[in-house]
Every structure is written in C-alpha cells, then in structure tokens.
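To keep things simple, chains are lettered A, B, C and D as they appear, and every chain counts its residues starting from 1.
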Amino acid sequence: MDFELTSRQRDLQMKTREFIANKIIPMESDERQGAHGPEESLRAELVDLARQAGLLTPHASIDMGGLGLSHVDKAIVFEEAGYSRLGPTALNIHAPDEGNIHLMEVVATREQKERWLRPQVQGHIRSCFAMTEPDGAGADPSMLATTAVRDGDDYIINGKKWFITGAHGASYVIIMAKLEDGSATMFLSDMDVPGIEIVRLMDAMDTCFTGGHAVMQFNNLRVPASQVLGELGKGFRYAQVRLAPARLTHCMRWLGQARRAHDIATQYARTREAFGKPLGKHEGVGFMLADNDMDLHTARMHIWHTAAVLDRGETGNFESSRAKVVCSEAQWRVVDRCVQILGGQGVTGETELMRIFTDMRSFRIYDGPSEVHRWSMARKILDGKAPTP
Amino acid sequence: MDFELTSRQRDLQMKTREFIANKIIPMESDERQGAHGPEESLRAELVDLARQAGLLTPHASIDMGGLGLSHVDKAIVFEEAGYSRLGPTALNIHAPDEGNIHLMEVVATREQKERWLRPQVQGHIRSCFAMTEPDGAGADPSMLATTAVRDGDDYIINGKKWFITGAHGASYVIIMAKLEDGSATMFLSDMDVPGIEIVRLMDAMDTCFTGGHAVMQFNNLRVPASQVLGELGKGFRYAQVRLAPARLTHCMRWLGQARRAHDIATQYARTREAFGKPLGKHEGVGFMLADNDMDLHTARMHIWHTAAVLDRGETGNFESSRAKVVCSEAQWRVVDRCVQILGGQGVTGETELMRIFTDMRSFRIYDGPSEVHRWSMARKILDGKAPTP
Amino acid sequence: MDFELTSRQRDLQMKTREFIANKIIPMESDERQGAHGPEESLRAELVDLARQAGLLTPHASIDMGGLGLSHVDKAIVFEEAGYSRLGPTALNIHAPDEGNIHLMEVVATREQKERWLRPQVQGHIRSCFAMTEPDGAGADPSMLATTAVRDGDDYIINGKKWFITGAHGASYVIIMAKLEDGSATMFLSDMDVPGIEIVRLMDAMDTCFTGGHAVMQFNNLRVPASQVLGELGKGFRYAQVRLAPARLTHCMRWLGQARRAHDIATQYARTREAFGKPLGKHEGVGFMLADNDMDLHTARMHIWHTAAVLDRGETGNFESSRAKVVCSEAQWRVVDRCVQILGGQGVTGETELMRIFTDMRSFRIYDGPSEVHRWSMARKILDGKAPTP
Amino acid sequence: MDFELTSRQRDLQMKTREFIANKIIPMESDERQGAHGPEESLRAELVDLARQAGLLTPHASIDMGGLGLSHVDKAIVFEEAGYSRLGPTALNIHAPDEGNIHLMEVVATREQKERWLRPQVQGHIRSCFAMTEPDGAGADPSMLATTAVRDGDDYIINGKKWFITGAHGASYVIIMAKLEDGSATMFLSDMDVPGIEIVRLMDAMDTCFTGGHAVMQFNNLRVPASQVLGELGKGFRYAQVRLAPARLTHCMRWLGQARRAHDIATQYARTREAFGKPLGKHEGVGFMLADNDMDLHTARMHIWHTAAVLDRGETGNFESSRAKVVCSEAQWRVVDRCVQILGGQGVTGETELMRIFTDMRSFRIYDGPSEVHRWSMARKILDGKAPTP
C-alpha cells in the first residue's frame, strides 16, 4: 500500500498546477462566457494554451495524440485542471467530451476514430452524448423511447432528448436509441445533417459547460450502419463503460473546484477582521475550514482508490457509484461552507466562489443522482456483492 | 394557548393566496426581470394589482394607508405573498422597504413621514438602507467607517457602502454614519442629490430584489439636521428596532418560497415515473417530502411564536435571532431537497425552483449570518438571559 | 393565536417544577434503581410524594381521581415532570401506564374502570400493553400472530410478545390478539393468572422504565368475554386512539430530560475552564448550546401545536407522527451535544447525563421508528391528506 | 500509488479474521464481563488463545516478542481484531496498553523495557497511563496540576488523576507530572507501592476496557530517578509520540466494531420482513446500509493514508487528528444507523450491537474531543501548515 505519487505524476501535477495558475486563472474574467459556457473563440484560445503546454487531452491514448494517462494519473491531473472552471475546457477534459473520448477509444472502429476521435483529441471539434430524455430515460434507462429502425443499409432515428450538454456547437453526437427488438444501441452522427434539430438551449444553474445544455429532436435522422458504435444491442453496456470512469472524472474536476473554493475561503478567513480578530480565529469559522479539509481529503481518497481499482482492470461500478455520492456531497458541503464564510461576498460575483456554487449543485444529480446510486449500492450490499476488505 | 387564526386572519390569508395564484403567478414568466430584479415598469404593474386587491403595503399603519397588521397578521399574509417571488414586490413588503417602512413608522417625524413614508406606503417610491460597508460594518457594527460631520445646520457624510439592496431606482436612503463622538446616527436623504453615487451594481446569486444590490459612495453628501432620523447617537438602537422584525419578515416571505418549492416537488413526485412507480412512492423521495413538511412546520412555528412575542411588545431579540437561524436553515434544506427530487429539472429553468434555490442561499447570510446569531444566542444562554419555559 | 399559558397552567408548571426540584431530584441517587428501572418500594415512595403534592396521575379524569388535564395542560406538566428521570414515575405518567390510562378512560366499561383503572389512577397498581411480537407485529401491525379463539363465554389466547414494558410487576395487561376472522381485538387480563408467563427480562439500553421490558408468553390464557376491551375487531383503531396521544406524551417527558441535559451542559460550560477561558466562551461549545436551544424550542412548539390539535378533538395522526419524529431527533441531538460538551464526564456516571443519553436512544424507535412515520407522512402528503396552512 | 495489501498483510488479515470468528466471537457471551470490562481470568484465557495463534501483541518489536508490524500492517490487523469487542484484549492491543507499549519501545531504557515492557508484550501484565486530571488537564495539557518534586535521588509525586483506563489490575503506571520548573515529565511506577491509591472506579457508558476507568490519587508517591521515562521536561513531546499513533489505533479497532455493527444490520435487513418485503428492500433502510458502506470506506481510507504517513517517519499530527475526527464521527453514524435498523433489538441485548453503541460513544471524546482536533486543524490551515496535495 502506498500513497506516493510517481515522479512523473508529481511532474504532471506541478506542470498542470502552474499552467492553471499562470495561464488559465488570468482568463477567468474574460467576458466571452455567458449563460451557456465559454464561447467557441475563447475555447479555441484555451485549447491552444494547453496544446502549447503539452497538456492537451492528456487522457487520450498516445496513439490518438494524448498522454495515455492511467486513471490514477487522471486523478492527479484533472484535480489540478479543475482548480479553474476554465481548466477542463483548456485541457479538453470537460464533460461530455472526456467521457466520449474514452468510449470512442474503447469501442469505435479505426475509421470512426480517424473521422471523429482524432480531431477531437486535437481539440478541433467537440461532441455530445444524447441519452437523457424528457419522459425519464436517464436515471432509469429502461424508459428509453428514442427509436432506431433499420431501413436498407441505414437506420432511421426518431426521438427527443434533453439535457444534452455541449450539443450546441458540437461536431458529432453519440445517440442512444432503441432497436425494434427493444435493445439499446449507440450511433454516431455528424451534427450538421438533416434530421437533427436543436430545439432550444436550456436555462441552467451551471454555466461552465461549453455549449450549455440543449433540447434536441431527431426527425427521421438517417444514419448508415457503419456509424453504429460498437455492437448492436450493447448500448447500455457501453453506457456503463463510459459512465463508471466518467463519473469519476467528474469527481476529480469538481475536487479541483472545491479546493479552489476552500483556498478562497481560507485566504478570506486569514485577512478579514470581525469582532476584533481575523475571521478564521473564530471557532465557528475555523471549524468550517477543518471540516472542509476533512471533506476534501475524503473525496480525494475515494477518487484515488477508485481510480486504482479501475487501473487494475476492474469495472469498479460499486466503487465509482460510491465515490460519486461521497464526492458530490462532500464537495458540495465544502463549497456551501465557503459561501457562508465569505458572507455577502460569497453570494455575489466578487470572487469565483459564487459561480463554483451555482455550477456545482448539479453534480449531485448528473450521471445518476445520489438516490439512484444509494439504491444500487444497497442492492449489492444486500446481495453480498459489495466489495469487502 | 391557541394556534387558530382569527376569522380576519383567515380571510386575509385566503384573499392573499388567491391574489397570488390568480394575479401574480401568471406574471412570473414576464420578461421584465433580469439579474437585478423586476424592472420598474413591472414593479408598477404588480403594485397596481395589489392596490386593486386592497392588499398594498398591508403592514403599514392605517394612518399611513396600510392595513395596520400585527406581527402575527404579517406572518399569515407574508407567507402567502412569498409563495411567488413577485408577491412581496406586488404587496410592497419586500426588503428593504418593508423594514424601512416599519422603522419610519416608529422613529420618523411627522414631516419626514409625509415626505417619504406616505408615498412609499402608496407604492409610488422605493427606499434603501445604507449600513453595510466593504471593510466589515455589517455583521460587526463596531467597524462602521462612514462619517457624518456637523457643518452649520447640516451634516457632511462621507463613506462607502455595499450590498445596498434596492439602491438603484430608490427615491430615498437611510444612511448609517458615525458622528465625531464615535456614536452611530441615521440620516434620511433623497437619492437624486449631489454627493450620492451608485458606483456599480453587484453581480448576485439572488435576482429577486428590485434594483439589485449596489455599491454606493457618499462624497461630501450634505444632509440638513432636519433629516436626522430619530435621535443622534441612537443608530445602533434603531438598527435593532428595524432588524428584529425585519429578520422575521424575511423568514415569513421565504417560508412562502419554500412552500412553493415543496408544492412543485410534491406534484413532480406524484406524476413522474421512475423504476416502475411514481417517484414519490420511492422512500428515498417520500422521506424527503416528509422532511420538508417537518422543516416547513418548524419554520412556521418559530415565526408564529416570535411574532406573538413581538406583538406582546417585547423586543424579541433572542427569539428573532433564533427564528432567523432555524428558518433560514430549515427552508434551505427544503429547497435543496426539492432540487434533488426534480433532478435535472431542478437545476434548470424548467420550473420556478431553480430561481428559488439561487435566490434563497443568501438568506442564511443577510441580516446576520447564522454564525453571528449562534454566537449571540450562546452569550445570552451563558449569561442566563435566554428565555426559558 | 396565542402562546401564553393560562394562570392555572402557569401554576401547575411552577408547582410541578418545584416538586421535581425539591422532592424528586434528591432521590435520583437512591440505589433502588437497577437495570430494570426503579424497584417497587422506590416507586411507591415516589408516588406517595406526588400524592401529597396533589400531582398524582394528573391526566386522568376528575371522575377517576385525576386532574382532568387537557393535552396542552399535559404538555406543560409532563415536560416539568420529565426534568427528572424519576418524575414520570412519581406522577404516574410514565409509559405504558399513561397511555393505558388514556385508553381505558375512552374505551373501558364502567366495571372495567372500577376494577383496574381506579386503583391505577390512585397509583396502587401498574399495567402493561402487550402488542409487539418477535416476528414483526409492532411497526407493522399486519403481522400480528397472537390468536384469540372463542370458547364458550371465554377467549383462549396464545402467542408470544416482547418489549412489553413494565410487565414485570404489573397487575393487569392489555393484550392485542387476532380473532379467527383475522381482525384484531384488545383484551384485559390480570397478570397473576394461569397462562401468562414472563419468559425473561430483556437487557436494555434504557433503565428508566419500572419493570423493564419483558418477553411474555400466553399459553392458553383464558379471558372471559367481559374482559374484551371495547368492541371486537377494533383493536387497531384503539391502538391509534392510544398511540397518537401516547406518542406525544413521550415527546413531552423526553423534552424535560433534554432540557435537563441542556441545563447540566450549560452549567458545565459556564464553570469549566479550558484553554484560558470558560468552555462556553469557545464558539465550538457555545454554538452547541445555541443549537440546543433551537432544538428544544422546536420540539416544544411541535408538542404544543399537536396538543392543541388534539384538544380540538381531531385525531392528529399526521401531527403526532410529525411531532414524534421531530422531537425524538431534535432531543437526541441535544443530549448528544451535551455529552460532547461534558467530555469524559458525559460518558461516565458523574452526572445524570449519561443515563439520559442511554435512556433516550430508544425514543427514536419506540411507538414507531422515525422511518415508519416518515413513510406514513409521505403517503399522506402525496395523497393530498397532509394538513396545510 | 497502490491500495493492494502485500501477501503477508493479506495472510495476517485472514489469519486474524478467522481467529476472531472461530475463537473469540464464541466467547462474547462469557459472563466474566461486567461494568468494568473483562475480568482478569477471562483476559488471561483470551491472551492465551492469541498466543497459541501467534497473534499476541503483534505491534511490538520482534526484539520484544511482537511481530514488528508497521502502521499499515496494524491498520489491517487491528481492524480485524476489533471485529469483536474482546479481540483487542485477546491480541493485547487494547487501550491504553497498545499505546504504552509503543511509547515504551521508543523512549524507555533497556532496563525499563526488561522490567515492564517484556512481560507486558508477553501478555502477563497490564499498564495504565495517568495523564487526565479532574480540573482540566487532558484536552488542555497546560492545566496539569500533578507535581513531581526532586528529593535526593527520588521524586515525590502528588496529585489526582481520573479517567485512568485500566488502572485497576494494572502492574505499572506511566505518570505525567509537572516539575518545579513547570515542565512536564513522565515517570514509571509499579502500581502496588505506597502512595498510589485507586479512589474509586467510575461508572462508565463503555464497558469494554479491562479494568474500567479509575480515579487515582498520588500521595507522596516516591519514584527513583531511574524511573523517569525518557528525558526530563519532555512529557508533552512524548505524549504526542504516544498520541498520534494511539489515536489511529483507536480508529482501527473501532472500525472493526463499526463493520461488525454493519454486518449485523445487513444480515437483519436481509431476513427481517416488514410491510411485505425484507427490511433492506425499503429504501429508507437500504440507503442507511449504503451510507454505512460509504462511512466505513471513508474511515478506512483515512486510516490507511495516515498509517502510510506515519510509516514514512513523519509525525502525522495533522493527519492523525483529522483521521480521529473523521473516523470517530463516521463510525458513530454507522453504529447509530445500525441501531435504528434493528429497532427494538438494537436497543436491547439481543445482539452485540447495543454494547457496541454504548462502548463507542466515548471515542468522539477520548484522546481529544472532536472540537479540540478541529481547533488544532484550523490553526494549522490558517498558518499554511496543513498538508496539501
């Protein structure tokens, strides 16, 4: 057992930390950010900075142009990138691209990879993942209503999706649809084709995702059979391939944001005076800082442990569910406490904190709300299928 | 002991409830609302509706044109008004006007009342309350830095204030400033005079307050001695006169918002299906609804009890501190649970819920953060000065 | 709406408070208390003291020899009695007798009352309530397995019960059993008859209940039809008649214990020095005292409100479930904080606190665990049957 | 980074697990356990079993007769031992002996080791650690009042100590006393000498510590200078040497108890039926099991991480404080939830659970209450001295 970073990990950590501090944080006040995330021109500049720093798309395989990071490597690097809300965009490790890249690496054909994955790894194009639907498919995948019907060499796809992060501006989409036999399959499609309509952008509490969240409609979208992703009928299995690590990378990036919040609050508690002494000397505030430290370390340990499980080649479904609940709730407590410490400044745009707060609330919901994970964990515990020491 | 409403209270409750349901909720989607609250034209329309309904400024004295509501009466009516985020604006009972009206009733001279209070009660003008300062005066009043220096029959005021809710668009301001002897005094001033500068509007998580929150500068603001509010040196005492009930009216209005959130979530839990049954039939969700009900009733009981204490003529400082902490935390838990129940829809603008969530976070901070109230309560408990049964 | 006590209530409150302070607290160190509560000789002495003070069985009807207290009256008096763990025993308002007395008043025949209720109200005999069974009847009444079979003018009862509080030393028992048609009925029986066996006393965390908790066996217990309590088949309905107020009187008595704990902790925090100042001046401790005060007041408000609902003649099932969850959890938090404040002295017998802690844990379980009440509340909320303002 | 056990660790884990399951758990119902822990005859039998299994005093150095376990090794073995409340007694790794053995290894002279440590490692004698005092020395060491005055070649010790775990029946004691220059020093003394009086045994919530907790008096206790432990004036430094790992071994042993509680509750939730399905299928219960799993894993990760820090030779003061707070609170939540799941059976002696509950409450207090650790952590965070990633 060992909690030490390798020297390569330590180097990557420091390199990323400095990159974020020196290149990315200064851009946080750039005005090209609105209700639906950074604009494309800003994104391109950020990606360029990461490219110059040798940190672009580090989780992609070396073959595809990445650094071939392991899950544990990612835990180190993504936390650092997450320290700025613009960091994941710069490194091209934001959701949903990060997870899509992982899925494409594992499942896509050589041709599919060359067509979509390689330019994506190079930061030139973005993607989206169209699974969630208005009537319930999301937390409960059995409710999937979008259909794909075979028509000669093609499939005809119809259905409505929403909460499709990054759809606006994406070059391609991964679509989850139901075949006539009821099984779920994934399809790849360019976005700029007939039959794909972005109905509207949703007004959302978080504003950190490039392209925001969209409602999409597939109207007789025609997709050639060559654009099936992986095998027919394995849609849900691939969703798990994508989700277990994708959940964990959420934890990593948000850990960076929570640490940032804690650093802002700590600095404030050191310098702000109230009732005759620095705020942090009041136990009511100091205890919150201590609780933050506990929660941050708890989150980090769950992430590292789960990453190591994934690196051993296990599916890590239980561990990633658990890490997702623990991290999303612990990191939320951290950010909420930081807001409280800053008082009025915590609920206004005087610091980055307010945006961290409003960005982070959805983390307890996306990729499975806490309740679904608790339910799934309970089932496994009762069935004797939870990991034991 | 008795928890029954009088028939007048019941009538007012029902009248307000119907007014909100029929006249105000339909206006929630009006686009004249932005980052800094409802625009003046929208506010004027809302006020007009309340005037027609006979519900305008109900807490003002009958002499000034109100309904002369007691604190308990207010508890009933304000909760109903708060059910819509536009309700308090319509009834002219939003912060800071509601508290300013109360303070003016108690302290202002007849002339001051005729000049500022009467048109305010009629809904024609708004006011703001300039106490909080960037370097700390707020939670800790001893740090007050704004000065008022006697100059003939006038006072010359200099200083910087922030988080001044509603300053933008207000007709008059109540200013807290320090005299040369170090004591604090309140002054009244029109807003459209030389020496008052609105430096900027602050970007804030809440967007429900008309006029938003401003940074203000007083640059040699000249105020005649006739515009001193109350007696010299009694600034902090008057702040308490204003704050104990003002804290409680916050609790009342936000209780309405929390109840609204709970109603949205309950309706969603009744109709949304997941894993084969309505969401609410899952204990994980049902228990959240039960907890909501407990928290809402807890908040209501603290409000009613404290209102009754104030109606007996007591200062109710301990009780209002306690109610403020209990309500702000209980109501926040309610709204947070509701977001979780709605999932993706809770963190997007699909319902009113998202705005309730972002509006409400500051309630745990404004008018004294929870920590300051806990500290103050602890001191009184240790000194044997807390109320006992 | 009014939160004032009547002068009679105030008198009863003060009289009880003084009685507990002067007569009962001095007896807390009496050694005639063991793992299964006060011994009979101690109980008799305590009852005698209450009789002399005119406070014995105050909730019983005047006709039966009590003071005919309303539910709100009880809220006042029982909290005071609960201030000492021996108080409820002294006043003859402990569980299960308190609830049994209420049930007998409502349901028993004149003959049954004269035979069992009158001597019980006089403090001469005790009773027990045999409902809970090892295989589940308790939280889930549908699992009732004890049977009563008609045999001429008698019923023959067979079954096993456990957690039967006060059975050891009781003079009579109320038995819940299932008739041949599956309906539940209550029966009265003397305890010293053939067919009733106390199998063993259970080792329990709480040690405040006279007679402790027993496992009982009914072996062909013969009960004349005249000893049916109320009507045949109405067993569950009567259980509700008993439970809604019985739950609430638990809340009242434990509120007294929680207040006692808070007073012990407050006194300790005033006088104990640590790190250069009284413990209570550390915010970490002071905040706990403030939270205690909030929780105590919350509990009291729920109790008072529910008592007023019951006094209006409503069943108050929702309100008493809610009050039970709120009180049992709030009061537990209070006692747990007090233990933390006292440190080592909180977990040893240096004060009454340790016993309050171990006595109180079961309150979150008895008379329906929190989870069953939350479930029941959720169902009513979803069905639109929860009380609304 | 690596979370795998070595094969030796895995072997030790399995060996200990089987030993506890097969040899120790069957003895849990042995009646030679009372309010002050296992009797000496029971202890001797348990130690004998561990000796035969090759598991006695495994943390002691090989030189002294132990297995020379590293901190991480201990994390593995002690958790397993803690699975039964008798396990730590059997393995001779209970408090305070476990910590005393560690301290003696580091600080004692060869002669002192041969006289006291060797027989202790062999399980023949026990020890106690006399630091805490009635007037406050404990959480706040500056309040130390026991004095040691030089008298020729001896020291004369006077003072009062309490909460001295295991004093009754111990063969030797480590005494913390203040020299005339105000510095703190540790002394060793046999227990059966004039000048040491065990005033009384304290009634305590926990009953798992052999010898219970005593109040001790030193009346002109004469100790030769050769029995000074380590160097003069370094008492507090040695207390830290002892405390940082001792805190962590508490975490390890209690983790075993918490896991046991979780296993009892899981088994109950699998088999007990309520409302038509196994208890665990109710989300209200299943979610508690999921939360337990999260808390157990969180505790384990903090323990493992801190053990690895100590194995690197760092003092790990911050990490062990943090682990102590996190573990004591997380494990307490686990045990409290388990009680709730078992309902009536959780608060009675039907399972081991009740004793785990009453034993564990003091863990949030002993070796520094949570509040002191939070305060200490906050100070370091504010001073920039907390570990960072």
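Keep this in mind: a contact is a pair of C-beta atoms (placed from the backbone, for glycine too) under 8 Å apart; a residue touches a chain by one contact, two chains touch by 3 or more.
Fair warning: this is a prediction, and the values are worked out from it, not measured in the lab.
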Selected pair, greater C-beta contact count between B-D and A-B: A-B
Most distant chain from chain B, judged by the mean position of its C-alpha atoms: D
Distance from chain B to chain A - Cα centre to Cα centre, in angstrom: 38
CA centroid of chain B to CA centroid of chain C, Å: 42
Geometric centre distance via CA averages, chain D-chain B, whole Å: 52
Where chain C touches two or more other chains, by residue: 282-285, 287, 371, 374-375
List of chain C residues in touch with chain D within their complex: 132, 136, 138-140, 142-143, 162-163, 202-206, 213, 272-275, 282, 284-285, 339-340, 343-344, 346-350, 354, 357-358, 361-362, 364-366, 369-371, 374-375
Interfacial residue positions of chain C with respect to chain B in the complex: 1-6, 9, 13, 72, 79, 259, 266, 269-270, 278, 280-281, 283, 285-287, 289-291, 293-294, 297-298, 300-302, 304-305, 308-309, 322, 325-326, 371, 373-375, 377-379, 381-382, 386, 389
Chain D residues touching chain B - in the complex, by the definition given at the top: 282-284, 287
